[in-house]
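Just passing along the structure, written as structure tokens.
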Amino acid sequence: MNKLLSLLSLGLLPAGAFAAEGIDPGASAWLLTATALVLMMTLPGLALFYAGLVRSKNVLSVLMQCFAIACVASLLWLVVGYTMAFGAGGNGFIGGFGNVMLAQVFENTLTATLSADVMVPESLFAMFQMTFAVITPALICGAYAERMRFGAMLLFSAVWLLAVYAPITHWVWHSDGWLFKEGLLDFAGGTVVHITAGVAALVAALVLGPRKGFPQQPMMPHNLTMAATGAGLLWVGWFGFNAGSALAADGNAAMAALSTHISAAAGAFAWMCIEWIRHGKPSALGIITGMVAGLGTITPASGYVGPGGALVIGLSAGVVCFFATMAIKRKLKIDDSLDVFPVHGVGGILGTFLAGIFASDALGVFSGQGYAEGVTMGSQVGVQLLGIVATGLYTAAVTWVLLKLVGLVTPLRVSSDEETEGLDLVLHDERGYDIR
Amino acid sequence: MNKLLSLLSLGLLPAGAFAAEGIDPGASAWLLTATALVLMMTLPGLALFYAGLVRSKNVLSVLMQCFAIACVASLLWLVVGYTMAFGAGGNGFIGGFGNVMLAQVFENTLTATLSADVMVPESLFAMFQMTFAVITPALICGAYAERMRFGAMLLFSAVWLLAVYAPITHWVWHSDGWLFKEGLLDFAGGTVVHITAGVAALVAALVLGPRKGFPQQPMMPHNLTMAATGAGLLWVGWFGFNAGSALAADGNAAMAALSTHISAAAGAFAWMCIEWIRHGKPSALGIITGMVAGLGTITPASGYVGPGGALVIGLSAGVVCFFATMAIKRKLKIDDSLDVFPVHGVGGILGTFLAGIFASDALGVFSGQGYAEGVTMGSQVGVQLLGIVATGLYTAAVTWVLLKLVGLVTPLRVSSDEETEGLDLVLHDERGYDIR
Amino acid sequence: MNKLLSLLSLGLLPAGAFAAEGIDPGASAWLLTATALVLMMTLPGLALFYAGLVRSKNVLSVLMQCFAIACVASLLWLVVGYTMAFGAGGNGFIGGFGNVMLAQVFENTLTATLSADVMVPESLFAMFQMTFAVITPALICGAYAERMRFGAMLLFSAVWLLAVYAPITHWVWHSDGWLFKEGLLDFAGGTVVHITAGVAALVAALVLGPRKGFPQQPMMPHNLTMAATGAGLLWVGWFGFNAGSALAADGNAAMAALSTHISAAAGAFAWMCIEWIRHGKPSALGIITGMVAGLGTITPASGYVGPGGALVIGLSAGVVCFFATMAIKRKLKIDDSLDVFPVHGVGGILGTFLAGIFASDALGVFSGQGYAEGVTMGSQVGVQLLGIVATGLYTAAVTWVLLKLVGLVTPLRVSSDEETEGLDLVLHDERGYDIR
Amino acid sequence: MKMITAVIKPFKVDDVRDALSQLGIQGMTLTEVKGFGRQKGHTELYRGAEYVVDFVPKAKLEVAVRDDQLEDALEAIRAAANSGKIGDGKIFVTALEQVIRIRTHESGDDAL
Amino acid sequence: MKMITAVIKPFKVDDVRDALSQLGIQGMTLTEVKGFGRQKGHTELYRGAEYVVDFVPKAKLEVAVRDDQLEDALEAIRAAANSGKIGDGKIFVTALEQVIRIRTHESGDDAL
Amino acid sequence: MKMITAVIKPFKVDDVRDALSQLGIQGMTLTEVKGFGRQKGHTELYRGAEYVVDFVPKAKLEVAVRDDQLEDALEAIRAAANSGKIGDGKIFVTALEQVIRIRTHESGDDAL
């Protein structure tokens, strides 16, 4: 069976019918681990990465957003999210409702992966996917940081998960999904996670408007050691994200891990070099930002390309995301506070596109694992572009509508005085630090 | 073989007699990982969670307590702890002394788990259990934080490990243990870990007396970002704690991981909502405290219940532990500094009780994996109550005696002036921070 | 086949020829995890451990060094490092160049381990080894911290990786390597990682000279909570380092994990006790330093000894490294800023030596897994001493030459005024903290 | 010469600096302080219990000026720091007997 | 008007504040400082080696008072901050030429 | 008595303390402050964009001295804090009306 098609048809198999003998303990062991690693990406990884970059008066508000989203997204995923994405009996656009509250997912329910003979517990697959459903809305936090009200933030994240994330996951990763059927290559979430989060971030930044004082007043990170800690945990956790998406402990997972790591290193290296050349000095924030760009960009490609391709993808990620950040923030003066769109959105787009190229097995040392039968580089790139445009447009439109609707229910922003005082005291009656 | 009985009879099997072919590499891979995850719960997880909550003059004393307990508990576990809990040839109350210094545990010694055909190295099982022996006394630190002398603390922790933790582990998790034989459901340590630590914390708080200034003077956390970091690592590590306790990489482990995660999310969500309703604002400390409550409470139930049951358990944990904290600290004015009893003790009691209910397979979407043959909900709940009362009373009595004895050897508390100056300088000649 | 020889001949097997059926999913699952754990040791583990120990004006420079080395070492490993260490067709001193850019390492390329029947993807082995290639030069950072220029640091680390680390890895871990053929026992990197890094650190400290103000002016750690966080992550990650080096999820891995943990606990305990006795108080920095000493020292021995041996090794590590630190810093007044040589170098030497003793299976409760056929304790210790001397001398000489050469290209140190101002502002135009 | 000590709201520091530099006063020294006064502090939440924290973060600016600059400087600070809300802060003036610039040994008005 | 500057032990701040507010003095400004004096600092341990750190954390309270409040305020501070041990600190008094409340433009005693 | 307030470069604090203690002046109070003046601040980099940060970290030393110690103390501070570069800082002198040692109730010169 062709490897490129083999990724994720599993949600749709009739559950509960498998004998316990069918389970692959190695794959299950790795998937359990990968699940923990992806959770670690959000908590505490992303939470620290983001929280370190805001001013100290808002540090807890960011941590709180990440924790609260993790809770609400997990509970929603249990109740309806999973079935909307992977439930049996749906159509090309949305899953069936047979797995509401994970009904029919029992302790001994297995799910096939298209890696021949590899079966894992469906509860484990659902749990693994839950951690993706947690991190995607959490990524958006970076856009509206330092000004959005907590209640509005939570409501928005909840409806966004169901109206944007769950359907797009179905399109791309369920074997009934229309983009899956088109043959879109998105190994671990370039469209599903990074384009959706990045585009939503851009829309949120536009709808909420800039922070008070932007762009004249510099709003420097209050604790780069915290951001670097988070960055390190993100890098480590991303092994679970990408190599875990192989749903097996095999060569595919190993290659995905290797590509992921190389792209992270290359992205960080590229960003560092640009700063060094343009500014005369490289910065710690620069190197970790390039690393995240490299990681986001390799995500859709990770299981399809080789280390040579990953090197090129990572280097391009560092360069392209650097200039995208400059363009969005400095030229267009859009206050996507922590640069979610230029890093994750642009990275996701770039990576989804490049996956279509470097999956080719005819590029010598830059070769990947090859296309599905009958697919050429041209046709694959066409599909990739279709995926990018479709997920981007759908996300932009729905996110805009959702923010406007939420804004009708409850104000999106804190008042100007509250913004000056800081969200920690205003929204949570707490201070981050009391160090003497 | 009945699943509910299958958990942990392994310590007692004759060791060394198995062929290498019998090992389950998937189970072993997961158990190696789970061991690392549980260690991460204590170091740096719990250490940061606790240390962030004290005043900055005491931050290192808490980190130091956690590290020192990790060392001493590990060494004691090697020498006599393991054999007291799991050594062959004991009785219903204590293990035999055949595994002193892990004698008879060789590289190729396997131990059966009652999951048919799953065998893992006994050294690995001993190592996994060692991480539990580390975290349990470390949990108690939260009760006597900011006032106990280091030497007394270390001596107390050491004797407590042997006099309380090791025997109760034997009672509950060894197939000879009297509570095991009663059929007590404690998948990953509701009684063994959380009730023992929680009750010991309450006793320690009473014996040591409140911190100087309690309750008039607020003693606010000095670094909530540190506490949140620790909380995130606790959440991640708890996958190892609960799903690792399946001792296999199978559907049982997967379901335990899922239940654990859902309960954490639900506990956090519940605590957040209560604060929001009662106070008008939710707090970061609140959400992470609710998360820990959810995790502690699901622990005994994790491998027996389904996600629906876990949802109910988590929500109850958030509510009950919130009000327990209010009651102990505000009403009874007991200075259990970091609320170990209301969170872990009450959570452990609640979870052990609810495991008896939600293990039932007759609760529809809230069903669990079912009772052992011949067991009804009524009889199971009876056993659970017996387990709660027995472990609680034993722990309370022995902890009280041990503290009194340690107090005869060396003073338990620092002097009033030393308490004012802070334990870091007084006990360790160090300061946590020197940030300019 | 003898276990002691079984470790790492794998790089040399003809690649690409194995059927997918040969893969061991359990071993692969554990190796994927171990890879993530070892990466976590560097990022954020070591980075935090080191960065917490410098003054706050240099905190980012240390984090930046660790991140930049991680990037550059990873890219170099992909391009030529792996093939220089493990490439087929080399001689006793250096690997062949058949795997430049990981050529011939495909998704389904397996590599045998000498554990009979255990095969893992070669890409995974290469990736696992890459994380070792990352941490080794990163360890050296501690020696030149607070004064080395970033460009010089990066150039030095790159050439050192190729000129020192890659060849010595080949000598010791490739079955063609001359020390491998001598029968040197180095399970997870006592010579390869810790002696090379430690000796290079000493040379770097001597070539760069002391920090301005050393030794009169105390240069206290600016954030011991950060160092303790890093220490906790190092302890956890070291499970991957040592138990991962078994390249299988079996009893050998389990025993390595157990020994590692015991030695860490014993090293920490010993250092704590010495401080307690000599100074009257134990310190948090002391306990974590002893822990690292215990971990570094057990590394070469971890898969060959039992828990009893590990206990002795850990206790000696705490004592010997403590006095080595005193001697180097206080007596000899060498400013190895963060004591890399006395902790890692001396630990690596001690552990490599003691591995030769405690591998013996004739020491009762202190026994290990036994020697290869025909080997006696005397002959093994002789080989261990040979390995220590050879790797130590080669490292010292080549490191010295490399630093002198780099110094010709670009100055090694910042100016005196820049050192006073701090590297963060001078080299990176950033400040670590802006906490109000 | 006079030393002006102004205790103001932290986010007004930039405005006050700008106002002073328009008078040609470039030098000043800033300290982060905690203020107690009529302005109330805030409530903090700790595991469900509320605590009142009664200090308020303030910025203390110390500006040495020539006697002839005093009135303008006071008015500039007052105008720039004013938000019309309780807690805008206070300005204190003391006499300076001597000022020395360390680098040049200049003293008196020249040292400012 | 006088400016009282008291350098005291940090944990005495609350007591001093209470004592002053009993005199009707509500306003004051607190700075965290490091003191050098007769009170010895402490020893710090760094990987087995001991270092002497000779500064001591202190709190500096600045309180502007009317002339007629001065003596009572001094006595209140002295009594509340006294623990009888070396390092209890010192009180300094300087003359205040002018005080202005930023919000209202009030000056002199009215501004206090 | 006089209060000497010296705003100096942070790494000069030890030198100044040593110089003063050679005059027999042991007591002083140190505050970390931010200075604005002729000395320029620094550039910071944030994701490729540069920002100018115009404050400079400084140390403020407050030393109360007897009148007869004033000149020597000023000269000692000046000499020890001088590096000849812009930003070496300034010394301010004000009159002290009263000094009280809290512990002993001593006042005036005896309290120093």
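Just so it is clear, A, B, C, D, E and F label the chains in written order, and each chain counts residues from 1 on its own.
Everything below uses one rule, namely that contacts are C-beta pairs under 8 Å (C-beta built on N, C-alpha and C of every residue); 3 or more make two chains touch, one makes a residue touch a chain.
All values derive from a computational prediction rather than experimental measurement.
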| item | value |
| --- | --- |
| Shortest path length from subunit A to subunit E (each step joins two touching chains) | 1 |
| Shared interface partners, meaning chains that touch subunit A and subunit D | B, C, E, F |
| Chain pair with the higher count of C-beta pairs in contact (C-F, C-D) | C-F |
| Interchain centroid distance [CA atoms averaged], subunit C/subunit E, Å | 52 |
| Whole-Å separation of chain centres (CA-atom averages), subunit D against subunit F | 18 |
| Euclidean distance of C-alpha centroids - subunit B vs subunit E, Å | 46 |
| Where subunit D touches two or more other chains, by residue | 31-32, 44-45, 50, 94-95 |
| In subunit C, residues with contacts to at least two other chains | 24-27, 29-30, 33, 220-221, 223, 229, 249, 279, 281, 283, 285, 428-433, 435-436 |
| Pairwise touch network: line, ring, star, complete, or other | complete |
| Subunit E-touching residues of subunit C, taken from the complex the two chains share | 218, 220-221, 274-275, 278-279, 281, 283, 285-286, 289, 322, 325-326, 329-330, 339 |
| Interface residues, subunit D side, partner subunit C - complex | 10, 32, 57 |
| Subunit F to subunit C touching residues, read off their complex | 11, 14, 42-45, 50 |
| Sites on subunit C touched by subunit B in the complex | 24-27, 29-30, 33, 37, 55-57, 220-225, 228-229, 231-233, 235-237, 239-240, 243, 248-255, 257-258, 261-262, 264-266, 268-269, 272, 279, 281-285, 287-288, 291, 306-308, 311, 365, 369, 432-433, 435 |
| Sites on subunit F touched by subunit A in the complex | 44-51, 53 |
